[in-house]
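First the structure, in the form of structure tokens, and then the observations on it.
Chain lettering (A, B, C and D) follows the sequence in which the chains are written, and residue indices restart at 1 in each chain.
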Amino acid sequence: MAKVRGLLVWIASLAVLLLLPGLFDSVLSLSILNQMGITIIFALSYNMLLGQGGMLSFGHAVYFGLGGFMAVHSLNYIEAEVFSLPVILLPLIGGLFGLLFAVFIGSFSTRRAGTVFAMISLGIGEMIAACSLIFVGFFGGEEGISGDRTMAPEFFGFDFAQDLEVYYLIAGWVFVATLLMYLFSQTPAGRIANAVRDNPERAEFIGYSQRMVRFISFCGAGFFAGVAGGLFAINYEILTEENLNAITSGNVLLMTYIGGTGVFVGPIVGAVLLTLLQTVLSNYTELWQLYVGLLFVATVMFMPAGLTGVLMIHTVAWKNGRLRQLILPYITVGVPAFVLLCAIVGLLEMLQFYRHGVVGEHEMTLFFVSVDTSSVWPWIVTLLIAATAGYLVKALTPRLLSAWASANAPLERAKT
Amino acid sequence: MSFWRMAVLVGVLYPMCSHGADAVRIAFIDPISGTFSATGTNTLHQFEFAAEELVNKKAGVLGGRRFEIVALDNKASPRESQIQLKRAIGEGIQIIAQGNSSAVANAVTDAVRKHNRRNPANRVLYLNYSAVDPALTNDKCHFWHFRFDAHAEIKMAALTDVIAKQENIEKIYIIGQDYSFGKAVAAAAVKFLGQKRPDMAILGNELHPIGRVKDFTPYVTKIQSSGAQAIITGNWGADMVGLGKAIVDAGMNVPIYTYYAAFDGVTATMGKAGKGKIRLVHEGHYNPVPTKRLRDYHSAFKAKYPDHDLSNQRVYNVIEILAKAIDKAGSSDPLPVARALEGIEHTTLGGERVFMRREDHQLFQPLQISVHTDEGIEFDGDNSGFGLRTEESVPLENTLVETTCKMTRPQS
Amino acid sequence: MVEIVIFSTLNGLVTGLLLFMLASGLTLIFSMMGILNFAHASFYMLGAYFAYSVSLFLGFWPGLIVAPLLVGVLGALVERYGLRYVHKSGHVAELVFTFGLAFFIEELVQFAWGKETKNYQQPEILDFPLFTLFGQNFPAYKGFMIFISIAIFIGLYQVITRTRIGLIIQAAISHPNAVSSLGHNVPLIFMGAFGVGTALAGVAGVIAGPVLTTFPGMALVLGSIVFVIVVVGGLGSLTGALIASLLIGLLQSYAIALEFAVNDLLALFDISFDADHFLNDLWTLSLPQIAPVLPYLLLVLILIFRPTGLLGKRET
Amino acid sequence: MNSILSLTGVSKSFDATEIIRSVDLDIIEGERHAIIGPNGAGKSTLYNLITGRYSVSQGSIRLRGRELAGLQPFEINRLGLARSFQVTNIFSNLTVFENIRCALLWSMQYRYSFWHLVRKQKQLNEESEQVLQQIGLGARKDMLAGVLTYAEQRSLELGITIAGGADVILLDEPVAGMSHTEADQSVELIKRISEGKTLVVVEHDMGVVFNLADRISVLVYGEIIATGVPEEIRNDIKVQEAYLGSLDEQDA
């Protein structure tokens, strides 16, 4: 039963991947989908370290970037007819070089976990990023390295000139890479990685070298990061120092953590959400990064298991058959909480407009309402809404908590 | 998961699918955040103002269509520009304006060329208003790229004419940013000084990482102790502010020949210490103002944006020439507009004749060499009382240079 | 040559001591609480911005007092309501939290003050050359920076070695678990340490703002280099942090001044390569180019071979 | 009388303090050997030395004649020596079943394989189930180990220790902190699972020790002062002095 369901999930995902461009066929949505696909693989590979192996890395972009650089160099070699390779296999080149580099770096950095590992990864990341300005031949300096994906031999008549073709290429790799990473987590090496994450010392006393276990996860993560880098090279046809610097490394940490490190699909959710925020929300507000920052800090503090983790903690209530008891409390707290959130966003947006907007203009559109920021009334109204909603949330939360407790209480028939 | 992903996508993407096709939208892809945000933001305002003042207030183009500037932040990064370019294209924008950093321009021009070749139905036009790596209108030229600023070699030719006349300067130091533009400036300086003043010794030819150096003191120490009698630099934005600050702090008292040592904080930083020392090559006119049109325009800009400057005078040329070309073409589609732009002639707000050369899509225009001073200044920079006063003018004929560009033109 | 040596040393000293001001607070926090505070440089940035805002109304000097105090209070609040809450989830969660905080503060600064560079200037009273050597000025403001940093080092050193609080701090550094059993209020000590540490970063921000420019990316520029200093200097060692700071400050200023390249080295052995050799980038590698890499190389090597750092007592 | 684990002249010092002083100890194959001694005598340190957690300052430790000094804990484990911990040491974010399965992986030759799917390994899963039944946690199979009760966690700790099939098992205070009934059940469990294996146990509860052990060694201040069958130890003057003395100290 579980087996069939698992298979169905994969088939459904594949179908969705194939059908998505039918739903969103504009140039813009295609480019967003492409970006999403690349980010999904990258975030999943990062979670092989953080979520599954317990290694906090501040330099994972190194493997993404190096894989990408090798892929874009390969594109140029293909164009110069040094060797020939269909574009569709380019991510493999990225992956192999990501792996190669991970083998080298991992051989010393995985000796320790925790803070030491984090610091080494940071140091390596900064070093490689700084090197990119030195080895101009390889990294292309400030300009980066560009390539042309259409110069490669055609693949069954596809030359990948159109974004749609690139989409299917990326979607194919997303499916394969996700499947492989999922399967990896189900192998002895993947399972023991979880054990080492939880308790490295104990793992040593059941016959496993924690260092070797981390090393294997690290190499796997390097490989898939390289694959993502190769896809980046195909999609954007340019690689620069930013692809391997600390900001890219930080972003992948951000989205993985927000999505949730404890569940396999967590990073996928994080990657999709963050890409949407980055591409869509940024059209509506200049403050989107502030919101992302808020979301991140709130995630670390209040839901360290991430968004998917929050969903996962409902499994007990679900198994108890009491999920329904939670619906009403969720709505009664959720609605005012949403209003409160909107009011806060409104205040921030008004402040931003008031301070940085065009001189002489006072009218702004906020949630489809035209607002004059030079008058006091919008401020007072928004503050009042925020205060009322805040009070309601505070007053209604205890009810939610007690409903939560009763929904999660062990059933009587369960043994204690 | 799949369901959620779909639901979210439907919800968020749907509102973006429809856009009014009324306005002619121009994507402004430049740094609005990061180290060079001051430069980008300032130029953005100039674009918005020019579009409003020169087009929208005058019945627009094609009988009433407005210009709309869509700002896209590229953080001065080639990669991010690529992403923003895709986004602009995705939103159906057909005209791209970009200027800050030739590194970015090289990536954008390459991407535009590829995109237009692959998507003949959906082409875009690239208006380069400030990236002056000579390669862009030489080896890397293509039909869809138009440059409105004189490139690094043209400017250096004018600048070295002035330097060559300074008999007392025998030792000179070149410092610039480590990318194609900085390298082009240095190469041009070495080339022209070698021709015009073979006796002059170039003591140093140094490149520093762009946008990363926060304290230029060590560089200035080095320049100072080399015994240089003059400095040439192409630095712009924050890198010019930093360099200028270190020079002032060290009390160096030598002439500095520059491309962009004004506005965006540079003028305020140099202040009194830079008086009479900084020479800058530029298009357009700051002080004295040659025409009433330009004076009115400049005053109106300062009235609307008291904290910003009309730092890039070429911006109003971009907008006016584009509007002219669109009206001439009778369409805002890239191909007819590009054809109309080729060889277009125009009289600027400052009353100068300029033309877009057909062979390489390089705009040729008179250049000015100005000095940083507080005397005879009507329009200052950074509200500091200091500004640029024209010392010498280079007529259009003297700015003509040859090109290696071999343009191929699309048939349809 | 002499002038290059003198001025490079002075430049290095200024940078190094500035870094030390940042690192001293971070060392304090790291040693006592075991937290590598990613947001430390963000507090430095906040110091600069607060001081800028204060200076608009009251001038530079009140900012020097007010801004660090504000930053310190903010830091203490972050410890009390943020870190302490996250602490129970372990070190990795703490690191992620401070990382998120750094990200958030950067956005907050852009929201509050805008994205552009602020015109935060040094006080006019210090706007004169302290002395002139070989025709080159040494600005009085830089002298002032050196003075403040050294004063802070001496002050901190005295507090830690001579006072009762210092003894508790020392105990907390070497035996974090033992202090609570001696009846001290450890959470309060931690909150205090975090407040003082961030306030020190605030001071650094106030005086660095006018020199290194006040802009939203200023935290990122120094963020990771401060880690290098703390790890290299060694856990719990103020002197180690000072040595590491100076080392890196001098390294950065000398690297720009001295333009040695691999070429020059090879020339000594009469080896030369064509410019189109495929490893040309390697042969023309020069000191200014590799200078930014060296601190991180040092960091990695130290972590691998000597996890206690130069003068540390415990492992990282 | 075949000695399977033998310590000769083993010493360990931390800085200047010698915690273990020239310990000689022979564990005979198949026996149940208890190590007792007052608090701070160095019992846990001795375990840590044998299992490779600490390195030996002097002397040699041999398992079936093979020198263990210088080996990593996981290498020693692979030679067939497993241990439990005084403070519960399990994989708290994995399910109970997963805990046991991980403990079985190495001994079943899976090593670091990333080409087997654990779900599909029939024998591995069956054996894991068996161990779970053995330690009485069959009903808790899918719960996270971290949420088990203390006694259950101790059983799991034991299960992880024995799952790998090691034939020398070192238990560190297996019944500490348990109620009488729980402890009795635990002792039965230990007896059951150690059949045919060599068992070394450190324990404070004398009832348990005398119930369980074939032989007893007494460790005081890092030295073994006596080894023998329970009767001998009970009547040994030195042991009585050491114990009474230390009990006095503890009371004071």
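We take it that a contact is a pair of C-beta atoms (placed from the backbone, for glycine too) under 8 Å apart; a residue touches a chain by one contact, two chains touch by 3 or more.
The structure displayed is predicted, hence computed values, not measured ones.
Engineer: I need the common contact partners of subunit A and subunit D, sorted by label.
Structural biologist: none
Engineer: Tell me the fewest steps from subunit B to subunit C, where a step is a jump to a chain it touches.
Structural biologist: Step count on the best path from subunit B to subunit C: 1.
Engineer: With chain centres defined as mean CA positions, report which chain is farthest from subunit C.
Structural biologist: With centres defined by C-alpha atoms, farthest from subunit C sits D.
Engineer: Suppose each chain is reduced to the average of its Cα coordinates; what separation in Å results between subunit C and subunit D?
Structural biologist: 48
Engineer: Let me have the rounded angstrom distance from the C-alpha centre of subunit B over to the C-alpha centre of subunit D, please.
Structural biologist: 75
Engineer: Calculate how many whole Å lie between the centre of subunit A and the centre of subunit C, each centre taken as the average of the chain's C-alpha atoms.
Structural biologist: Chain centres of subunit A and subunit C, defined by C-alpha means, are spaced 31 Å apart.
Engineer: From the mean C-alpha coordinate of subunit A to that of subunit B, what's the distance rounded to whole Å?
Structural biologist: Roughly 36 Å separates the two chain centres.
Engineer: Residues touching two or more other chains, restricted to subunit B: which are they?
Structural biologist: Expected reply: 209.
Engineer: Of all the residues in subunit D, which ones touch at least 2 other chains?
Structural biologist: Residue numbers touching two or more other chains: none in subunit D.
Engineer: Got the subunit A residues that touch at least 2 other chains?
Structural biologist: Within subunit A, residues 133 contact more than one other chain.
Engineer: Name the touching chain pairs, would you?
Structural biologist: A-B, A-C, A-D, B-C
Engineer: Please give the residue numbers of subunit A that touch subunit D in the complex, ascending.
Structural biologist: It is residues 183-184, 186-192, 194-195, 197-199, 201-210, 212-213, 216, 220, 262, 415 of subunit A that touch subunit D.
Engineer: Which part of subunit C faces subunit A closely enough to touch in the complex?
Structural biologist: Where subunit C meets subunit A, its residues are 34, 36, 82, 85-86, 89, 91-93, 95-97, 99-101, 103-104, 106-108, 110-111, 114, 220, 224, 227-228, 231, 278, 280-282, 285, 289-290, 292-293, 296-297, 299-300, 303-304, 307, 316.
Engineer: Spell out the residues on subunit A that touch subunit C in their complex, using ranges where they run on.
Structural biologist: So the residues of subunit A in touch with subunit C come to 54, 56, 58, 108, 111-112, 114-116, 118-120, 122-124, 126-127, 130-131, 133-138, 246, 250, 253-254, 257, 287, 289-290, 292-294, 296-297, 299-301, 304, 348, 351-352, 355-356.
Engineer: Give every residue of subunit D touching subunit A within the complex, in rising order.
Structural biologist: The touching residues are 51, 53, 72-74, 77-78, 82-83, 85, 89-94, 98-99, 101-103, 105-107, 110-119, 139, 160-161, 163-164.
Engineer: Give the list of subunit B residues in touch with subunit A in this complex.
Structural biologist: Interface residues on subunit B, with respect to subunit A: 1-2, 4-6, 8-10, 12-13, 16-17, 77-80, 82-83, 86-87, 89-92, 101, 103, 106-107, 110-111, 114, 118-119, 122, 177-180, 209-210, 304-306.
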